[in-house]
Every structure is written in structure tokens, then in C-alpha cells.
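To start, the structure itself, in C-alpha cells.
Labels A, B, C and D are assigned to the chains in the order they are written; within every chain, residues are numbered from 1.
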Amino acid sequence: MAERNIVEAINSALAEEMEADPRVMVLGLDVGKLGGVFRTTSGLVDRFGAERVVDTPLAEAGIVGASLGLALAGMVPVAEIQFLGFTAQGFHQIGPQLAKYRQRSRGRYHCQVTIRAPFGGGIRSPEFHSDGVEAQFVQSPGIKIVMPSNPYDAKGLLIEAIRDPDPVLFCEPDRLYRGRRSEVPDGAYTVPFGKAQLVREGEQVTLVAWSAAVELCLRAADALVADGISAAVLDLRTLVPLDVETLCAQVAKTGRCVVVHEAPLSAGFGAEISATLMEEVFYDLDAPVARVAAFDVPFPPASLEDYYLPSLDRVVAAVRRTMEA
Amino acid sequence: MAERNIVEAINSALAEEMEADPRVMVLGLDVGKLGGVFRTTSGLVDRFGAERVVDTPLAEAGIVGASLGLALAGMVPVAEIQFLGFTAQGFHQIGPQLAKYRQRSRGRYHCQVTIRAPFGGGIRSPEFHSDGVEAQFVQSPGIKIVMPSNPYDAKGLLIEAIRDPDPVLFCEPDRLYRGRRSEVPDGAYTVPFGKAQLVREGEQVTLVAWSAAVELCLRAADALVADGISAAVLDLRTLVPLDVETLCAQVAKTGRCVVVHEAPLSAGFGAEISATLMEEVFYDLDAPVARVAAFDVPFPPASLEDYYLPSLDRVVAAVRRTMEA
Amino acid sequence: MSPRTAPSKNRAVQARRSVLLADGTIAHGARPRMEEEFLLEALRWMMKSRLYDQKVIALQRQGLFGVYSPGIGQEACIIGSAMAVDPVRDWMVPQYRELMATVHHGLPLEVITAQYLGKIGPARIPEGVKVLPTQVSIAAQLPQATGLAWGLRLRRQDSVVITYVGDGGSSEGDFHEGLNLAGVTRAPIVFFLSNNQWAISTSRKVQTATRNFALRAAGYGFEGVEVDGNDVMAVYDVTCEAVERARSGGGPSLIAAETYRMSFHNTTDNPSRYQDQKDYDEARSRDPIERVQKYLAGLGLWDAKREAQWTEEIREENERAMKMATEAPAPRPEDVFANVYEEPPPRVIRQRADLVDGQGG
Amino acid sequence: MSPRTAPSKNRAVQARRSVLLADGTIAHGARPRMEEEFLLEALRWMMKSRLYDQKVIALQRQGLFGVYSPGIGQEACIIGSAMAVDPVRDWMVPQYRELMATVHHGLPLEVITAQYLGKIGPARIPEGVKVLPTQVSIAAQLPQATGLAWGLRLRRQDSVVITYVGDGGSSEGDFHEGLNLAGVTRAPIVFFLSNNQWAISTSRKVQTATRNFALRAAGYGFEGVEVDGNDVMAVYDVTCEAVERARSGGGPSLIAAETYRMSFHNTTDNPSRYQDQKDYDEARSRDPIERVQKYLAGLGLWDAKREAQWTEEIREENERAMKMATEAPAPRPEDVFANVYEEPPPRVIRQRADLVDGQGG
């Protein structure tokens, strides 16, 4: 077993699926010789040729729309949108088309398409590159939304995504791309969608997160030990499908919950978590579910991102307040 | 005072603002001679000329992007997107540009732009025409989101929107366009943003809604009288800014709350309402806040919309369950 | 066939193609590809298209049909283009107005009718029929069609894609992205632009300042050709050429067909608010069906009797399809959840159960 | 000025313009608009641009500057175009690589530098400077620029808009929608396309199959012209003509300037992964600055001494601006909330208070 970071885990998932299935192809901006701006597709064009690893024109709607058509032709496209914020340019090809195409065609066609996109703050990116807009797609049912937080999951979830007959939006936490390596097996394996993972046990409060915020929550849980607070951390892994069962069972157990995400507070996916808990485990709650999120303003210039994003201090403070409530 | 329906109220707001301020202009698809597919802009081109009432090419991103530029030139554009679902084509010009332009320019520029768009089910529209995607824009801070439910508010909120120095997305409930007329004064008046309105008093439970769902809630409240249930109906009017104060005070009073919307359940704006109530008035709740919404699938063909959208029965049933909880 | 003026290498676009003139005579020097037998077949399909539209409009007025956009006046585009592709090998990616083209391509009329009636199962495109669903989101089909054509080539299939777009749709970003990508990938595709002069109430004159939509092709590095879109023989010719080019590895083409929407945008529209009667009358004088009938009459192949007989036969055919569609099972409430996911998420399964229970109880 | 071959009415686009050749001589028959004094001014600006880029790259390597896209190799486009517009009347809508054009247009170098340093107030474009903010969302500026030009005309201002886009940006839907709308409204605008052959690592060869970006203009009903983008005299000429056309009501123009990105895409990029050294070397031999220096040297207006002196002076100027930007106040935490709403919603005001309290405590 090899130690890999997320970039390597993703590269390995792509290479293995391309090896195993000649229909799998990669397309997007700079995915060829450059290997992607973060090098996630590094080496693929040399190995699989320019017919299957395609540098496309700079046109996000074109990339997504073409992927839909490629899938109907029997290919299995894995499209890269250079940054999640630029899914906006292809928005009308994602929710209203890709996600809806099975329904639109009364089930005659389906779209086995994966859209990969890095996102997230913390690496001093230029404007639009950090925007965490995952919740916007939840209102477009038909597409699954996958948010890995670590190398093992990144590989297993990506292989699951590529093999899923339905479209998947696969959001990669660029802040963690070259972060801590962990054991990532060679060879194909899948991590199922809709199965949240308890990444840290804890008795008194559950921190719920996905993507890079999981790492933040783990740090917060560590810090809280000093206060004598035992915090569990639940990694949702996928927003659609949502693992309501594990979420509710876990929060019912601790009676307290703090949701953490890097997108703005209002109508972020944290709201859905809180509302779901309200409906399902209201009577098991010892305190109101709290949210820690970015503020309700656009992502600021990188010089200010540390104040904008949920910080360790804000998470810890929210947990303390929840414990006292 | 005249009795007007929503179409007439909107037409009157546009005409009066164009009369009062020569910078105000209307642009979009078919807003000229046709007067818009729903006739909301009827007669304006005759009155104000083709320079100020402009049939544009069929290009939503172009319409929004051009409106931004027109505003920077000192015009006050009121753009129509023919149906809210087609904001998807201009998505990248709305959240990342229009909403963010004041911040992007460090405050040097602002965008006095109103985007009007009809939406909503119940009138057997073709695909995409009914999609209620208002919540998607809440994750794009910087733009206000206005959801009138009746003729009086439609006019007053639209005038407020046109005069607001910041961009506004103004969503019109097409199902109610030619519904019940009500008193709508001639002459300009405004309805302020961020002030929810209690449209029906009630003691035991609060129904929270916006746009066409308000009418549904009013019918539900009527129906519930037979069960001896006294339901209040709160019309949020604007999602951004959200009137947290009135919402919380009202729900705290009744102790029970059901949120109703026509968009899909998951990550709909109902989630934000529930999460906000969780955070603010948890200890005043006698029962968990419930949500009644469309299901988590794409808007179906019109033949099925009555099953998809929240029905009177589903709202009434949810209130009954909430009363028993 | 012969363009009005000789094509010149120096011009970005060839002169407008014309074969069968509005008065039913053959343009000077034109040598039509369509032989008489075939032209009769084309006429029958054109009449079928018009008669179907007329029937639907009547039904819609009685509340028996959904919102519908007729192809009246555009039958030469609809049929001439469809006859140039091979239903066995080639794929068709429609917008919404070229309904009878998809029927010509193998989609049963009762199936597409069932779609307008809001049916689910009975509206599913049958396996083997190489047609994509009607597209209501203007121009969204174009990058999809490019991807399809590109993918078919990657899959080593001997297939060409034909896709339709309107003068309105030509302004969307998707038009640009779809065509540019087709140029880059040299995808085997034909973009058929039906310039019917209107996008709802918006005149082609304010849709774009270009003289000619075919000029756009040069900006994507492939062939553009303008054609009299009311001339089924010319439409057939230029489409055949484009299909051959695509099939032989010559890449995409853009066909700009000049036609006229001789009816309303759709059944909710009222063109008297914006359309000049003169323009309409002028268009009527260039009717694509009448000119074929005149030409065939000149050859002794068409007369009032034959017209009456065909009309009768086609009406019956169309009505049979409509009856089938009407009688096909209506959707059930739980069909709200049909065809969204291969395996629906638990939350959706629960919602479905709630709906079914609610209905049951 | 003189195009290489005579423009022909039959061609959709005029032949590529060229005035000052790579070897520093004037093209046969060309009559430059730029006089010597003015060319010296252009040279000084071009040198300023390159020296600034070099300084920024050095600083960035020390972690003292944000992600930055230099204009090295494109100075003739940047300066030749900027000199053709009037900072008092005309508006400039940039992308990001033409930074020195905005400075020429009146944006103080310390202000745009402060933007890259993440400052807020000090990075605000001063009142009266007719420049819009740097645009990172590729091609999003184009419909905006069209709207601005259209609006300025509606407001009866005597203003022309110049906006920039790259070869990459030319593929975005916004390019199409922005240019088409400009054609329809006959907005007073110049679209300046800097074809530097790269969009990050994506070669212009796979960006589009068109021979020539200027061909696109015909599809929107206005003028397109191709120009040697390393030739400041030709760039100036064609931009002046386009500006005059716009100002006199002749509508938009598309200028396709052929140049070469002689550096990396931005400071995070590594072109050795994808760029052929030969291409780069070939481009170096067409350096836009060197050819001006050669030409002026031939006239006795340039020598090593003058070069050393100017370099020294410009470096000082640039460093003064950088110092001002560096010393300008850093943002405060609560600036997260600055410049979003004229009147922030209560929820945002509360969030701001929470942040400030958290910081205070």
C-alpha cells in the first residue's frame, strides 16, 4: 500500500479507471501536457493519448454539454472544470441538463458523467477560485454531490463516481491537495455514496462537516480536549445522497451538534443539516444545532480570507457555546 | 385607488419609474411590442420608445452582463429574464459579477440593476419554465432576492428594487399574475425590503412562505379552521435581506411552525428558515419546525405538477402533525 | 445543383442556394439531386407535417393539447434536411419546432405526441431510434450534439449528427461554444439553422447585425452555406453535401436556411401584436409546399384529386397516432419520481412512499 | 499605414496589418501614423510595462506579491492600443494581462499594485479614472463592456469603450453574446483580442479551428481586422481607426492582434511542461520592444546610454509606486464586510459585529 496525498489519489483513480475501461476519457482546460493546474491529471496524456485526454477550448458550458453528448455516444467522460466557481459559466448545462436528462428523456438516456472541480479557500487564490458553491447544486436534483476530505476517500469516491450511471459533481478541496498523505491502496476500490463516516469518536457533541472543513473540525476536536470536551467528527462525504440515518443517529447520541462549512452561512448546506436534525431528532437535542460558516458576503480578496472562513477559534467557540446551552 | 392584478401592478411600477426617471430602461426578450410573454411590459415601448424598451438578442448572460455595464454608464436597467429557470444561462453574470461588483471594485462601482423573472408551477408550463431556483442565489451574497405574493407588494417592492443602488433579483409568481386583483394605488410607493408581513393572524401555529406559496398557506389556514386550528401566515417577501426578527418573534409566539415552498426540499430556503429558528428560538418551540416543499426530483412534466408541488392536503397534513407533536 | 452565383474561394460563404423557385420552376442552370419519386415522398412528408400542425392547433384550442410550436412554413427545412440523413446510422438532435424531422428519422408520431400530452412511458423514445429528446432550453442541444458527434467518432461509428437551432438560438453562448468545439474536434456534425425570422416576437433584424448567419462558420474554421429554406430541393442538396463532408472526415458544416415562421411562435402567442401583415403575406407567396405542388403539376404528377386523396390519407395516419397517444396510459402520481436516478437516494425513496401513501389514504 | 496586401471588399477580413517589421524596418509602402516623438513615448511605456513585470516576478518569487500574469512579449498590444484611446473621454475594460494599459489610461500604478497586494481602500480605482476592475472570470467583461458602451451612448456621452480579451477568452459564450449585442446596438466599442497563442497551457491551435479570429466579426455584422500584435505602430494605427469608427457612429470593431506570451501564464505556471522551446525562441526574435529600439537607433534616437538611463528612471518610478502600495494600510478584518451592500442586511451587520468582537476579545 502506498502513501498518497489527494492529488496522487485522484491521479491514481483516473489512471486506473482509464486503464480498466477504454470508454473513460478526461477532458477540460489544461488537463493534457500540463496535467491540470494542480497536476491531478499529470502523465495521463502520455499514457492514454490525446484522444482520451483532451485539452478543450476555454468554455465551461461547452465542456459540460459535450460531456453529456459524449456519454450518450457511449464514452464515460470525466470532465474537469478548472475551479468550482467556474461551474457558473456552465450552470445551465449542469442542473437543467445533465442532472435532468434521464427525466427529460423519460428514462431513455442517462448521463454517466463525472465533473471534477477543485475549490476552497486557504491557499490565497485569485478571485472566484475559492468559492464553495456546492449547496447551489443541491437544488438541482438528479446530480450527486461528492465532497471528499482525505486521500483514501478521494480515490474511492472518484472511482465510484466514474462508475455511477448518473452524473456526479466531484468537488476537490484544493487546500488539502498536497496535505497529509495517507494509505491509499493501488488498484481499484470504491467508497459508497451516501455513507457518512465518523472520523473521530466523541461523546458530548458532534461536529458535522465535509471536504476541507473536516480537517478543521478534527483540529477543533483536538483543541477541545483541553476544555474536557469530547467531540465526535462526522464527515458527510456526499451531500446528495445524504446519509440522514447516520447523521441523525450520531447527533441523537451526543445530543449536541455544530455544523461547519466554508460556504456562506445563509442557505448553505449547513441549513439543510440543521433542518433535517430539527425534523428527525428534535427531542434528542440538548441544545440547538449551531452552524459555523463563512459570512454572508462574497469571498473576499485572499488577504482577508482567514477572517472570512470559519477559523479554529470560531469553531471552538461555537462548540463551547453549544456545550453551555 | 385602482384594483390591479400582479401583471398590472408590475406594469404600473415600471411605467411610473420610467416616467419619473429617464435613466430607467427595460430590456429583455420580447419586452417591446409583444409586451413580454405575460404582458407585464405591455404598452411601455409605445410610451417610452425603443431606446428605453429594448428587445434584446436571445442571450441571458448578455442581458445581465449588459445591464451591469448599462448601470455603470449611469442607466438604471430593469432586465427581464423570460423565466427564472433561464437565469441558469446567465448564472455567471449574476452571482459572481452583478452581486460581487461593488466588492470587486473595492466600492468604486455599484450596480443599480433589477432582474425580473417569472417562475413557478401550476400553469402547465413547458420544461424549465416552472423551476423555482431562488435559493440558489442566496449563496451569492450581494444580490437581494425579492419574492412578492400579491399585487400591492409587487408594485411597492418593484419600485423599491428599481431604486435600490444594489442589484435585486425580483421573482414573480406567474401562477398569480392574473389572480385576485387588490387595491394598488396609482403613483409611486415602496414596500421596504427585509420586512416580513403577517398576512393572517393566528394563535397556534405559524405558516411561513413567500411568493405563490403564501396563497396556498392562506387556503390551508382557512381549511384548518374546521379542525379548530388557528394558523398565522407570515409572508417573508424578501429572502435577502431576511427579516429574522419578525420571523423569530412570530414563531416564538405560536411555538409551532411549518415552512412551505415550491422549490425542492433539500437545501431549499425552507432549510434556512428552520435552521435560523433552531438557532434563535429553540427553547420556544413546542414542536419541531416542519417543511412542506416540492420533492427532491426535477420539476416533472406539467401533467404531474399537481403531485409534485406542495398541495393543500400536504400543507394541512403537516400542520396537523405539527399540532400533535 | 447550382448556386445563384458561382461560389468563390475568396468569399467566406457561398451564395445562397436555390433550386426550386417560389413559382414552381427550376432555377436557371440548377440540376436537382432529388428525383421525382423522391420529391413526391418529400411532398408527402411536408403535407404530413402541416396537417399534423393544423390538427394539433385545433386540439389545443379545445384544451386537448399542451403548448405547441408548429412548423408551418418551415416544412422544406424540416423535411429536406431530415431526408439527407440516414436514420439507421445518423443521429438527430432536435430543438422543438422540427418535430416531423424526428418522425422522419424514426420516432413514432404517437410517441412524440404522447410527450406533448404529458405521458411518461408512452413518450419514451424507443431503443434503436437515434433521436434525442426535444430541447426547450434554447441552444443547449448544440454542445451536446457536438459531444455526441465527437463521441461517435471516438467509438468508431459511421455516424453523422444533425442538429437544429433557430435564429434566436444563434445568439446564445451555447451556439458559440458548441460550434467552436465542433470545429476543433472536427466532429461529424451538421448544424442546421432555421432562420424563420422570429424568436417569439423578436425580429431577426434585431437578433444580430450579421448579413448572413452562414458567415459565422468561418469563425469556427468550417463550411457555412446559405440556402433558400423554403426550397426543399435546395435544402436537401446542401444538407446532403454537408452530411457527406462530415461522413468523409471533412468536419462540421453550418447551414443557414432562410425561411419564415408562417404561424405563431406557439399556441400561447399572438403575432398580430408584433408582426407586419405584409411580411406574412410575402412569406405566404413563397410557401414551400405549394411550390412543390406547382412543379409536380407541371410534370403532370399532381392535381386536385391527388391532393384530396393524400390529405385524407395523411389525416387518417396522423389521427391514428394521436388516438394511440391519447389512449396510452396517463402518468401515475408516483411517476413524479420516475427516471431521475438509477438508484434513488433514501430520502427520495421516502418522499415517494409518502406521496403514494398520501394518495392511497 | 499599409496592410501587407491590399484589403479587398470580397474578403471578410482585411489582410494582417504590419508597419514596423521585426528587424526594425518599416514595411514596404507603410505610412505610420505614429511620429517619432510619440513612438518614443510608446517605447517608454512598453519598457515600463516590461520592467514592472520583471520586478513583480522577482518579488513574487520572494513571497512578496500575489499571483500575477505578466504581459511580457505583448507590450505592443498593451501600449499601442491604450495610446489610441482618450483617458478623458473613453473607458477601458480590462481582463488582467493588460495592466499597463490601465495605467496608461490613468489608473495609478500604486493603486493596481495595491490590488495585487490584497489592499482594499488603497486599491480602489480613483473617481474620474475611466477604468473598470481587473476581470478574472474569463470573458465576463465583454457583455459588460458592451452594456457600458451602449449606455454611454444612451447617456449621450462622447465616449468609446475599449475592452480586452485573449485567445482563450474568445471561446467563452460571453464572447459571443457580448459581441453580438454590440453589433445589434451598434455600441461604440473596440474589442481588442490579444492572441498570445496560449490560454495557460492550451495552444491557440486547439482553442479554435478558425484561421483568423478577425473572421468572427463578420458573424456579428461589424469590422474585423488582424494586426501584427508585436508591432506597436500597426497596433496603434488599427486601434485608432477602430476608435474613430466607433466615435463617429460606425459601430464596433474586433481587432485580432497576433502576439506571443513570452513568459509564463502566471507566477504559478511552468511552461516547460507544454511549450516548445523553438516557438519561444521564434517569438523572442520578434520582440516588440527591440524592434522599436532598432528603428529608433537607425534614426539616431536610441543608444545604449539612453537605454540605461531610461531603465534606471523607469525602475525608480515603478519602485516608488510599489513602495506606496506596500506602505498603504493593510486591510482590517472587518474589511471582509466592506463594499458589499450600500446598506448591509441586519444579519450581515450582526456577523460583522461578531467578527469584530471576536477579534477584540
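Assume a contact is a pair of C-beta atoms (placed from the backbone, for glycine too) under 8 Å apart; a residue touches a chain by one contact, two chains touch by 3 or more.
These numbers were taken from a predicted model, which means no experiment stands behind them.
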* Identify which chain pair among B-C, B-D or A-D reproduces the interface of A-C, meaning that over half of its contact pairs, matched by residue number, are the same. => B-D
* **Comparison of B-D and B-C by number of C-beta pairs in contact, larger one** => B-D
* Structure fact -> Cα centre of chain A to Cα centre of chain B, whole Å, reads 30
* To do: Let me have the rounded angstrom distance from the C-alpha centre of chain B over to the C-alpha centre of chain D, please.
  => 40
* **Approximate Å spacing (C-alpha centroids) for the pair chain A, chain D** => 36
* Specify, in ascending order, the residues of chain B that touch 2 or more different other chains. => 56-57, 59, 61-62, 85-86, 88-89, 92, 96, 103-104, 127-128, 141-142, 240, 242, 266, 296-298, 300
* To do: Could you check chain D for residues that touch two or more other chains and list them?
  => 120, 137, 171-174, 176-177, 180, 184, 206-208, 340, 345, 347-348
* Structure fact -> Per the touch rule, the chain C residues reaching chain B in their complex are 66-67, 115, 117-120, 136-139, 168-169, 171-174, 199-203, 206-208, 268, 273-274, 330-331, 333, 335-337, 340, 345, 347-348, 351-352, 355, 358-359
* Which residues of chain B touch chain D in the complex? -> 25, 51, 56-57, 59, 61-62, 64-75, 77, 92-93, 96-97, 101-110, 141-142, 164-166, 194, 240-242, 244-245
* Residues of chain C that touch chain D when the two form their complex -> 8, 10-12, 171-177, 180, 183-184, 186, 206-211, 213, 215-216, 218-222, 251
* Spell out the part of chain A that touches chain D in their complex, as residue ranges. => 29-30, 32-35, 37, 55-62, 85-86, 89, 124-129, 265-266, 295-298, 300-304, 307-308, 313-314, 317
* Asked: In the complex of these two chains, what residues of chain C are touching chain A?
  -> 115, 120-121, 123-125, 127, 132-133, 137, 140, 142-152, 154-155, 157, 173-174, 176-178, 180-181, 184, 338-342, 345-348
